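The letters A, B, C, D, E and F name the chains in turn, as written, and every chain counts its residues from 1.
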Amino acid sequence: MARYPTPELKDLPADIQAKILEVQAKAGFVPNVFLALARRPAEWRAFFAYHDALMQKEDSGLSKGDREMIVTTTSAANKCLYCVVAHGAILRIYEKKPLVADQVAVNYRKADISERQRAMLDFAMKVCLKSDELDDADFAALHAHGFSDEDAWDIAAITAFFGLSNRMASFSGMQPNPEFYLMGRVPKQK
Amino acid sequence: MARYPTPELKDLPADIQAKILEVQAKAGFVPNVFLALARRPAEWRAFFAYHDALMQKEDSGLSKGDREMIVTTTSAANKCLYCVVAHGAILRIYEKKPLVADQVAVNYRKADISERQRAMLDFAMKVCLKSDELDDADFAALHAHGFSDEDAWDIAAITAFFGLSNRMASFSGMQPNPEFYLMGRVPKQK
Amino acid sequence: MARYPTPELKDLPADIQAKILEVQAKAGFVPNVFLALARRPAEWRAFFAYHDALMQKEDSGLSKGDREMIVTTTSAANKCLYCVVAHGAILRIYEKKPLVADQVAVNYRKADISERQRAMLDFAMKVCLKSDELDDADFAALHAHGFSDEDAWDIAAITAFFGLSNRMASFSGMQPNPEFYLMGRVPKQK
Amino acid sequence: MARYPTPELKDLPADIQAKILEVQAKAGFVPNVFLALARRPAEWRAFFAYHDALMQKEDSGLSKGDREMIVTTTSAANKCLYCVVAHGAILRIYEKKPLVADQVAVNYRKADISERQRAMLDFAMKVCLKSDELDDADFAALHAHGFSDEDAWDIAAITAFFGLSNRMASFSGMQPNPEFYLMGRVPKQK
Amino acid sequence: MARYPTPELKDLPADIQAKILEVQAKAGFVPNVFLALARRPAEWRAFFAYHDALMQKEDSGLSKGDREMIVTTTSAANKCLYCVVAHGAILRIYEKKPLVADQVAVNYRKADISERQRAMLDFAMKVCLKSDELDDADFAALHAHGFSDEDAWDIAAITAFFGLSNRMASFSGMQPNPEFYLMGRVPKQK
Amino acid sequence: MARYPTPELKDLPADIQAKILEVQAKAGFVPNVFLALARRPAEWRAFFAYHDALMQKEDSGLSKGDREMIVTTTSAANKCLYCVVAHGAILRIYEKKPLVADQVAVNYRKADISERQRAMLDFAMKVCLKSDELDDADFAALHAHGFSDEDAWDIAAITAFFGLSNRMASFSGMQPNPEFYLMGRVPKQK
């Protein structure tokens, strides 16, 4: 389904190779997004620098599970197969809840999540779908659940960044690796 | 999450009890829809009679996998958690494709399905979302893939029936049984 | 306009014939839906069993006029010619208001109905158009007008069932009998 | 339901009185729009001058029935109760088809009208709902049914003018006179 | 881009010529709308009579700047190039704010305008996009900012009239005069 | 209007200061986006690395004017005040067409651009608004105007990146510098 040829790892610049090998070592496979975007090294570097600045940030009011929940939910609104499946997998693992990714992907209003997470997703969905209508009431609703303005920025930036990612994945026909579909659904084998 | 109390099996009319026990014997558990709707026996009987007339019909140009694919895809368009998860499970089993349910639920245009199934889903989605605009061109597109007018009726009726089911499940807060989430994703244990 | 051949009464199963003759005796003609769906007896039986369970239920907080008002209003939202015309006729008769069907079909917010009926239609329209977004506030709005949770179920189920009916009628090109257009608009002739 | 007080005929400027009396003599009653807008004489005069320029124009490729069909159909898309009911009545009379107004109001795609009228309504609906997307193909579709560019202007101008009328009627809570609901449905009494 | 031939000034009826020469004397050029619509004198007269009744009315709670702000904002919602550019120019001049037209055209929620103007535009946008849903709460929001019911009528009528104008301009491919793009952006040259 | 405090240039990391001073030297002022995002240096660096990779890329089939046209058009669809005004200014300068930015912002279908640019914007708008529905026909339409698959990637990536930028600007209340509104509209003063 991919519309663009995927480069071979060996043909990539050294810094990109190094990062990909690191991911492979950790995950056991190379998520397709790493190779699919690598045909354009400058964009690749900016993409993953942005990704890491948001998703691996240490001092955030959002847990890593919260962040993957935002990604899974808004990617479903954008109907992006790659991001729903790949980040849904990571969400299951971080939250240790094997059912939550399918729930937020289909209808986050029916998901088994906290009230605080529900408010976080309401804000994220407005950034995703109607960012021009965001107003004070939306921030107040976040504050009511203990989110700071910095947390609001995190929610918005993650949503905005994955809106970019969703469009690139759908446009280029990026397919999720088969491994993602099952990750976090069953106890790890010893 | 369910808004209405679920009746106990023992308090139900005998015919409903019998059918539920039969399903339980086959599936290993009682799918929540059977108990959730049973608080209104007359509606229950009509609902499952309609369901069986469409989904267990023998002489159809649609395989059972095709039919579950229609259900999963249109239920995702209606954002119905119960039906996407429950029928996605059955779809995986009938099609023997562990990935297909997640694919059609997120974006059927990116799913690994046949051209014929794609045409079937295009028609189903129009029945689901814009039935007032259906016209000759939509039927012609089905015929071009070998579907008969009887097949068109099957596609439309399945979509219409699950549109009813989706609304009842979302309205009443019906939750899918946890068992469904994993069914058909991993080889059966001996 | 009908896309599918209509069966002859004499060729239908006895139980279906009997019901149709009963309806004809009462109405003075056979509403097209009875013959149009009869080409598939199993679906016909489930359809009318469901219809009767909802529309002829005795112990409901909704009057028969209320129920036909839900059907007419939501069928107009789905742009279903058959159901707006046929059920608009029955609505006029039950409510004894010759203008009300046209009013709710065009814009129920401008119709000459009670506040309670307006709340009922707000709920029905949300089930019809955005069932995934239904939440506690929607039920609270119903309760504020004296509707019980059982009444909410009635509203939702009628809306969901006629959503099915609307899709089948539009899909198959079902036309309302000419008789319906005028019924309930003028005093009955002696 | 009207939000603004309706002036008394005797308090209106002479030219407006004269026109209203003329309409009353012809129709047998004063359609509410004539009095409702008369509280602002300058707007009233412009409104009816515009109306007459479009609807009483002699040299048009559109019959008077065609024009009322455009009004009824696009007013239904704008959910304007007054215009659907009042112009639906006039449509029935001009076309001598007692069923056509209800048909185009609910779903013009299912109405018993000519192919040429269907093309006319497709164009009108695009002017009504997506005028920014009109392009050469829309004009070509009209030409294919024998409409000239002047006819296209008539269709667009009627749609645009009644878009104004629809908004004023809905905004001000204008109600159709009860007489309109039945006009053209039954043979005139001698 | 214009789809219809523009008449020559000298060929127009005397009253239309006179009005156009008057506008030209004042503005320094003839705005295209005056010639584009003049090919149909009766419609032209009604159009400008309506326009002047609303836009040159003396006793309104809306300033001329307020009125042009409504036109610019709602014309942007209708994606009408002519009206956004032409009336944006007049808005800049009346409000003596060189930036405000671009702001309301892109997103009036982010524009540097008063709270009262914001409420005025909220109401106008609802008339423009969802007039069928207008209710008491919309009028109350206007009253809270000191607008009277007559002011509400002005807002609605201006929005409705320019909805007509937008559709005619987009339909006929009317282009704004180049002069409008720069008007009110830079101090007048002595 | 900005919701977040803007950092002082002197407090920023040296590399960010250097880049900002460079931009200031070239433009004569510091565009607000450079300071508004600088409160988060890691995100700032990724944002501008991405921006430059797309917008300053040398070997593209898209001219710099083409790229700014994509930004202005899709940012208008997202109702982002900052990006429409800032990039509209740059578009005017690159294209040497003082009117084109307002045209594409209001309705790109009516803009005075080439057929090739129109096809480019059709593709960009689909990436912006319905990326899940992109299919072979969309690529074929680009190819028909001489765009390569690499050009398609450029169009998609620019649209996707500014979709991110639009959401961040709207979310954070970023205002365009007043200088942008007039840039490229009048000949440069000597």
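Everything below uses one rule, namely that contacts are C-beta pairs under 8 Å (C-beta built on N, C-alpha and C of every residue); 3 or more make two chains touch, one makes a residue touch a chain.
What you are looking at is a predicted structure, and each value in this text was computed from that prediction instead of being measured.
Chains making contact with chain C as well as with chain F: A, B, D, E. The chain with its Cα centre farthest from the Cα centre of chain F is C.
Chain centres here are means of the Cα atoms, and by that rule the chain farthest away from chain A is D. Remark: chain B and chain D have CA centroids separated by 45 Å (rounded to whole angstrom). In whole angstrom, the spacing between the mean C-alpha positions of chain B and chain C is 24. We define each chain's centre as the mean of its Cα atoms; on that basis chain A and chain D are separated by 52 Å.
Within chain A, contacts with two or more other chains are made by residues 79-80, 107, 110, 132, 170. Chains that are in contact with each other form these pairs: A-B, A-C, A-E, A-F, B-C, B-D, B-F, C-D, C-E, D-E, D-F, E-F.
Within the complex formed with chain F, the chain D residues making contact are 132-133, 135.
Chain A meets chain F in the complex at residues 3-4, 40, 42-43, 45-47, 49-50, 52-54, 57, 78-80, 127-128, 131-132, 134, 139, 149, 152-153, 156-157, 159-161, 163-168, 170-172. Residues of chain A touching chain B in their complex: 1, 76, 79-81, 84-85, 98-99, 102-103, 105-107, 110-112, 170, 173, 175, 178, 181-182, 185-186. Contact residues of chain F toward chain D in the complex are 107, 109-110.
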